[in-house]
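Here you go, one structure.
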Amino acid sequence: MEHHTRIKVYYEDTDSLGVVYYANYLKYLERGRTELVDAQGKPIQQWNREGFILAVYKIDITFLKPARLGDVCDVVTRFVSGSDYRKRLKQTIELGGETITEATVDLVCLDAQLQLREFPPGILE
Amino acid sequence: MEHHTRIKVYYEDTDSLGVVYYANYLKYLERGRTELVDAQGKPIQQWNREGFILAVYKIDITFLKPARLGDVCDVVTRFVSGSDYRKRLKQTIELGGETITEATVDLVCLDAQLQLREFPPGILE
Amino acid sequence: MEHHTRIKVYYEDTDSLGVVYYANYLKYLERGRTELVDAQGKPIQQWNREGFILAVYKIDITFLKPARLGDVCDVVTRFVSGSDYRKRLKQTIELGGETITEATVDLVCLDAQLQLREFPPGILE
Amino acid sequence: MEHHTRIKVYYEDTDSLGVVYYANYLKYLERGRTELVDAQGKPIQQWNREGFILAVYKIDITFLKPARLGDVCDVVTRFVSGSDYRKRLKQTIELGGETITEATVDLVCLDAQLQLREFPPGILE
């Protein structure tokens, strides 16, 4: 499983150093995960309504190179491993053939009261 | 009624032009309104739980001068006029004694289903 | 001139009321304007490097209906009027055939020192 | 060295799950680091003007519990170790006496062209 989402850098994403603000790469990664879930057939808002919420428990992220205004990046999401209660993804952001950000993302599944529950079948498999 | 909220500009607020990104001034204005509500005795999250949601229906905003990283601004909120179903505020952002942003903000009150309802007593009076 | 940009609502755009946070509609409008400029042949970052910066001087915006997680909206940008020093655009956000946000946007052109200058030919005409 | 910065959760920080959006905790951490630098005598924007930019190279962050609208949190920043080219901080976000987020943050120092340089004396020591 490898999923690709294209994102473009707008002013909103940059900061006064002229590059994408570090927290905003996490927005790109989340868009990638949402697109991956949506691509599996049931959109994320539908999962939410049914009481399944994907939440990041832990993320280890390295910022190798910056992206800038107008850059078009590719968010690549790969499934690494998983149990009933934990899924690990590897996500990278690619720009011009180079990896500019790489992250290991541990996800849990929560219910509507934000309590831990098992992942349902058919999501991130 | 005139309420003051102090805000400081961080990297997250700026963009690659070296100034605060235009949409982020609206965040500052919202912080000012939230602080005004909180100062009247019942915090905004409590109003929400009781089924009263303040929503901006219309905002007219002029960006006169920019704020930059590290600037400390004063968000000034004044009550202008109101009926049971509409309140108008005048908000400005001040920096070093100068008005850098000015806005006229029309608010409505919504219930938990985001339907229009009357403003309750004790909020924005 | 009428330009369309498709945007999708992600978690980052929403707030605890379950809808898109009001300032984030301004991000969508800015994406629409950037895409319009880019579509005219020279991307916004290139204009910036040449010392031409488009800045919003004033925006009047009405929030008619909310967008929610997963919604796909259409940002529509129309040129209204302009002089050498001021351009006015009309922008709407459409969702399922309905206008959910409408805005009148007044733009100025700034140089690299953020001083007012004439709009160059070939941008927003 | 242990530095504390108080932050309050506003609508802008939350998402449709009713809690702070995960990327926004990184904004809080950055505010904490900026306040730490500012408290050492020279504000971050002055360091930038002199050609010293602090950039996060790597962050490992665990999200233990969520913060919600109106919560007032304490961002705690501690210096862990450092060399001329790398500094490590430990940062936590505390709410009501509990740690809700914990992060290990590796910083580098860049020049105005975003190239690696030695940390100057007097910053994060």
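In this document, chain identifiers A, B, C and D correspond to the written order of the chains, with residue numbering beginning at 1 in each.
The criterion applied here is as follows: contacts are C-beta pairs under 8 Å (C-beta built on N, C-alpha and C of every residue); 3 or more make two chains touch, one makes a residue touch a chain.
Just so we're clear, the structure is a prediction, and the values are computed from it rather than from any experiment.
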### Query
Across the interfaces B-C and C-D, which one involves more C-beta pairs in contact?
B-C
### Message
Counting only Cα atoms for the centres, state how far subunit A is from subunit C in Å.
### Response
26
### Query
Between subunit B and subunit C, what is the gap in Å from one C-alpha centre to the other?
22
### Query
Hey, how far is the Cα centre of subunit C from the one of subunit D, in Å?
31
### Task
Could you list the positions in subunit D whose residues touch two or more of the other chains?
11-12, 16-17, 19, 23, 27, 30, 48, 68-69
### Query
Think of each chain as a node with edges to the chains it touches; is that a line, ring, star, complete or other?
complete
### Query
In their shared complex, at which residues does subunit B touch subunit D?
10-12, 27, 30-31, 34, 38, 43-45, 48, 68-70
## Note on the structure
The subunit C residues in contact with subunit B across the complex are 16-17, 19, 22-24, 26-27, 30, 48, 53, 55-63, 66, 114
### Task
Over in the complex, which subunit D residues touch subunit C? Could you list them?
11-12, 14-19, 21, 23, 68-69
